[in-house]
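You will see two complexes here that share chain A, one where it goes with chain B and one where it goes with chain C.
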Partner chain A sequence: MTEVERHNYDVVVIGAGGAGLRAVIEARQRGLSVAVVCKSLFGKAHTVMAEGGCAASMGNANSHDNWQVHFRDTMRGGKFLNNWRMAELHAKEAPDRVWELETYGALFDRTADGRISQRNFGGHTYPRLAHVGDRTGLELIRTMQQKIVSLQQEDFTSYGDYEAKLKVFAECTVTELVKEDGRIAGAFGYWRESGRFVLFETPAVVLATGGIGKSFKVTSNSWEYTGDGHALALRAGAGLINMEFVQFHPTGMVWPPSVKGILVTEGVRGDGGVLKNAEGERFMFRYIPDVFKGQYADSEEEADRWYTDQEGNRRTPDLLPRDEVARAINTEVKEGRGSQHGGMFLDIASRLPTEEIRKRLPSMYHQFRELADVDITAEPMEVGPTCHYVMGGIEVDPDTAASAVPGLFAAGECSGGMHGSNRLGGNSLSDLLVFGRRAGLGAAEYVESLDARPSVSDADVTAAAKHALAPFGGPDDGGSEENPYTLHTELQQTMNELVGIIRKADEIEKAIDKLAEIRARIGRVTVEGNRQYNPGWHLAVDLRNMLLVSECVARAALRRTESRGGHTRDDFPQLDAQWRNRLLVCAATGDQPVPAVDVEVKEQLPMRGDLLELFELSELEKYYTEDELAGHPERTA
Partner chain B sequence: MTAVAEPTNDTSQIPAPEGSVTITVKILRFNPEIDNEPHWESYDVPALPTDRVLNLLMNIKSYADGTLSFRRSCAHGICGSDAMQINGINRLACKVLVKDLLAKEGKQTTVTVAPIKGLPTMKDLYVDMEPFFEAFRAVKPYLIAYGNEPTGERYQSAADRERFDDTTKCILCACCTSSCPVYWADGSYFGPAAIVNAHRFIFDSRDEAAEERLDILNDTEGVWRCRTTFNCTDACPRGIQVTKAIQEVKRALLFKRT
Partner chain C sequence: MAYPAKLRVWRGDTTSGELQDFEVEANEGEVVLDLIHRLQATQTPDLAVRWNCKAGKCGSCSAEVNGRPRLLCMTRMSIFDEDEVITVTPMRTFPVIRDLVTDVSYNYEKAREIPSFTPPEGLEPGEYRMQQVDVERSQEFRKCIECFLCQDTCHVIRDHEENKQSFAGPRYLMRVAELEMHPLDVADRVGDAQDVHGLGYCNITKCCTEVCPEGIHITDNALIPMKERVADRRYDPIVWLGNKIFKRDGA
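Here is the complex of A and B:
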């Protein structure tokens, strides 16, 4: 039998970013025993990289803000493909989650009267992002890490053991979800340090593993973003939706090459920074799409007045949703108006006094000074699109975060639906808090409802171990060996070039062929050394997940013959109302180590009447089909 | 460490972009399953002046030795995973540029990379961070407020918030603690990072447990062990005035508690 360290918990949360930690806190506060498993050290999760802030309609900076406005902005940002119930819950609950974080002790920048300050961001009607300079994600993670330490110290007082109810398994990778009779029974993985196997016996797993950006060459994402949760869920039988929608953040660093892709916060534009091409033109005024006509300023004068007078002026198109800005930059560069290193200029230097820039954007100031030798208080930054976020993910019930697999829950970036075809900046941190909490709650209620606990069979453990160790074996036929880094580089190149920001059928097909070739070669991946802290092995394991999610992205992208949000088809450049309500659902078929992917079309539930009424009919007409609007009250009246 | 002829490794597979120069990276390697003690290995690698040390390590790992182990995550100085000694100084590998390490014209550049000191090395550049986090947890690093749970946000003036802004920038990378000679000599000292994280709450106007934390730091392993060498302040990749924060805690102990 396979040697494996065993643990038993009520709930196991995979991922220690914002969503995971919020789920942990909720499940623990409901009295359950919880384990949180993460690939990095505790407190280093990808969420720390979020800069701009957390969107919540608290109305501190503009009292006109409320959940309805936030809901509308979110649906517009996602081009009405969002799961409207998730967008509703998110808009309604985000303020409570921010206030709650403040009571945990989070630091926030404050208004003159001492309330939580809120800043402007793309696609948000009012200043809405609660923030701490440009290190909001770091503070969010640190605050929840601190909360968890305090819960553990409470447990020490009650039980004499810090880890009686809540334990962190850091630097530990989960490679397999184990089921019994179709329900979750456990999670199997290995300690990165020793390579030794570990089995969590648990009836409920919350996936909070984040995104998939490491499948792309130019990305703002960290090494952890290999689509682990997406792949685990698929292989366990859950469906992924919206995988064709990948967000390219318009402003990543473009130079020097070693830092290409690193994020430049949207807060630069929120605080007054503007985009310019090589001719010095503020080109965004030429890129306001029809659906947003009338909502954005059409002159530089109006845009500049808006920063101080938001009632009498419309916002600058520099703050259009990210998909629009990224495409605009892409076009400007393609048409020859790019900067020296193939980007656009982002100018804050001429817009704010030096002191103000250093105060509001300290991380950006240091990042450019240290990595690019650029003083952003004196010269513009060079920026260009970088793969930033995947809107697609595990299909979940909006209220409970439950997937189609009993006992499997998901929250945060690895879940799908909330953001539709494009996420607004700032809606990620609020998403993590709202749905992290709901997933913790959903998992707790599920566990409490069970009469008996499922058990993990020895055969499943043996199979999971064999699967994890496959890369040590080398090719079965004794043929040539493959280096996992080489395959990873080829995968990233393929996705970046062929399924990137602008897509075409023939290129996506080429990518699918290339992915099939990588799939054939992945079985020949051979790693050196032994299991102890072996990064080559870790990559070989992660690579299978990246391949699987890349197939989902490519296959869904080929099927969706329109352009919407984070999916732009050069051969189908228009938004097509027929596609608005259609989801593409990816499912895994077959039992190979990297299963095949099947894509099906599914209609969403129509939006509830009271939510639909929050929009003007004239706006809905830009997105909906005539048939869908036939029953609209204004039409029937 | 005495200079011994170290084996040179095959680095011919590492891509050499235009404008790159070859530099020697000496890494203190240790594999507990094979080695009795750490030893230096050399890698001649192509490097652009704009590369960071992290890029060099990634290339060595990807193309020369897939077993080279080090932590890294965000790769731009926010997560605090890749603290290591670079040319003897504690730095984050993702924030040190090659151009700042290049030897004078005509001379061969050698960069040494070793694990941070004071914490047990587990493999290569990996150290056991648990003692570091244990000290962090010991100072009650969370907001403590008594009375009724608030129903909304607490108000905090800009001045009150500013008071502890500096110490909230900490990324728990351990650069400071592992540069402290007192910590090297005696790991039971809390170390600068734990004190920074206590400072963050002691001076937070919303917190009501400053006394409890000051008691903890008044211990024999607490702030009085600090010899004010400023190593921690020099090492901090976030520019936190670590020594100043420690002094402020000392002053709070002296004047609040007499």
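Here is the complex of A and C:
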């Protein structure tokens, strides 16, 4: 039998970013034993990269803000495709989740009267983002990391062992979820350091593995973002929704090439920075789409006044939702008004005094000075779209974060529904907190409800081990060896060029063909060396997940014949009300290591009446079909 | 433009290792980590290196370049001459696992020994009120990305394994300072700073400050003020007398 290190926990959380850590805290506080497994060192998760802030309608900066306004903004940002129950829970609970962080020791920037300061961001009606300069994600991770340490200190007092009830398994990759009779029974993986296998016997797994950005060439995402949770869930029998919606953040660095894609926070625009093309024109005024007409300033003068007087003026179109700004930049560059390196200019230098820029945007100042030799207090930044976030993910119950597989929960970026077709900036950190907590709670309640625990069969463990070690065995079909780095590069190139920010049927079909070719070659991926800290092997394992989620993205993108949020079809450029309520659900078929993907259409539940009434009928008419609105009170009255 | 750069990289594991020479293509604007990645993709697929964000925000890719503790992702090739041999070695203060990857568990153990944030009793979530000027002191320390370069360079532990037991290192002494300066924290860690975390070992050579990629003034703003608090508590004759009379513990 395969040699495996075994552990037994009530709940295993995979991923130690914001959602994972919040789930851990909740499950542990409910008295359960919890393991958190992460591919990197503890505290390095991609959440540290979040810059701008965490959206919560605390109303500290503008007392008119409340959960209803936040809910409306979120639905608009997602073009009404969002799971409205998730958007409701999110808007209602975000303030409590932020205040809770202060009790863990977080130190947000303050208002003059000592409360948490809130900043402007794209798509948010009022200044809403709790922040710490431009390193808010780091503050969230550190705060929750330190809260976990404090829970371990309490356990040390009670049990004489810091790790008695809560242990971090850092640099450990989960490759397989194991089930018994359809329910989660465990998770199998390997230690990156030694390559040795580890099995977690557990009735409940919370997936909090983040996104899929590493399937694209130009991305703001770290190497960890290989769609592991998406793929694990699919293979375990859960469905993925909204996979065609991929957010390209409008402002990534474009020069030098080695930093292409690294994020430039939306906070630059929130704090007064403006986008200009090579002719010096503030072009965003030309790109206000019909659905947002009337909500944004149509002159530079009004836009500039808005920063100081939000009651009397409309917001600048520089702060339209991210999908709109990314498309606008793309068009400007394509029409020949791009910068030297194919981007747009983002100017904060002429808008704020040097000291103020360095105080509000210290990381950006540092990043551009160190990596691009650009002083952002004196010159504009060159920026362009970068793959940033996947709206799609595991379909979950909004209240409990439970997937269709008993015992399997998901929260954060790897779950789907909350953000609809496009996520607003700042709604990710709040999403992590709200649904991380709910997933921890959901998993805890599930475990408490069980009479007996499922067990892991030896056959499943042996199969998982064999699957993980396959790349050491050479080509599975006697063909020539493939290098995982080469295959990864081809995959990224394909997704970037053919299923990127602007899509067309023939290009997506070409991508699907190319993915089929990669699928045929992936069994021949061969790695050198031994199992000890071997990045070639690690990539070979992750590559299967990237291929599987790429297929989901491409196949769903081909099916959706309209443009909405993070899915733009050149051949179907309009929003189509017939598509608004339709979700595309990806499911895995067959039991090969990288299963085939099947896409089906599913209707969402109609929005609850009291929530629907938060919107003006005239706004809903821009998104809904006539039939859907027939029962609206303003119509029937 | 592109040129063949000369890289000398330490390769090995817990048992043995050596410096190996490589020639790797370097392009405009690249950082040392780009070259390490190119090495992996073209010559040494199993070369072990930690990294994550590649933007100086996560503190994973810490190593030593020509003997100086640095983040590989923030070390631009343009600071070296094109014909210069660039030597990349793992952090010396921590045990090697493989190649450029070291065992940094010492840091996580030290983190657990510092009593956590302790808010005043009865203060409810949402009721926290603090002034910006007051939070800024601790905020500077919370910029820390835990790259552990300050720990790596600190001479108290760099070549003195025996001191690790009784010395938390600049990163965690700074954490003590951060909590002590938190406007609402009510716990007292001043005595422990000296007795448990080894503040007295620090003789303010500022090496930690020099290597900090976040530019945190570790020595001036964290360690020296902590030393002053210890000194005020321990060597102020009136406090000393008060402690004798009232038998206050822990000071």
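Basically, the second predicted complex is superposed on the first by the 634 of 637 C-alpha atoms of A that agree within 3 Å, B and C clash if a C-alpha of one lies under 4 Å from a C-alpha of the other, contacts with A are read in each partner's own complex, and residues count from 1 in each chain.
Here is the rule we use: contacts are C-beta pairs under 8 Å (C-beta built on N, C-alpha and C of every residue); 3 or more make two chains touch, one makes a residue touch a chain.
On a predicted model such as this, the values are computed, not experimentally measured, just so you know.
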Combined model on chain A: chain C and chain B, fit or clash: clash
Touched partner set for A:345, first chain B, second chain C, both or neither: neither
First (chain B), second (chain C), both or neither touched by A:105: both
Partner chain(s) touched by A:472 [first = chain B, second = chain C, both, neither]: neither
Which of chain B and chain C A:222 touches, first, second, both or neither: both
Contact residues of chain A, present in both the chain B and the chain C interface: 40-44, 46, 48-49, 99, 102-105, 107-110, 113-115, 132, 135, 138-139, 142, 146-147, 149-150, 152-153, 193, 222-224, 256-259, 262, 363, 366-367, 370-372, 483-485, 527-530, 532-536
Touch list for chain B against partner chain A, complex: 17, 31-33, 48, 50-52, 55, 61-63, 65-69, 71-81, 95, 97, 122-124, 126, 129, 133, 137, 140-145, 149-150, 152-158, 161, 164-165, 168-169, 171-172, 201, 204, 206-207, 239
Footprint of chain A on chain C - complex, ascending: 13, 27-31, 34, 40-41, 45-60, 74, 76, 97-99, 101, 104, 108, 111-112, 115-117, 119, 125-126, 128-132, 135, 138-139, 142-146, 179, 182, 185, 215
Partner chain C, residues of chain A touching it in the complex: 40-44, 46, 48-49, 95-96, 99-100, 102-105, 107-110, 113-115, 117, 132-133, 135, 138-139, 142, 146-147, 149-150, 152-153, 156, 162, 193, 222-224, 255-259, 262-263, 362-363, 366-367, 370-372, 483-486, 489, 527-530, 532-537
Complex contact set, residues of chain A against chain B: 40-46, 48-49, 58, 98-99, 102-105, 107-110, 112-116, 132, 135, 138-139, 142, 146-147, 149-150, 152-153, 193, 222-224, 256-259, 262, 363, 366-367, 370-372, 483-485, 527-530, 532-536
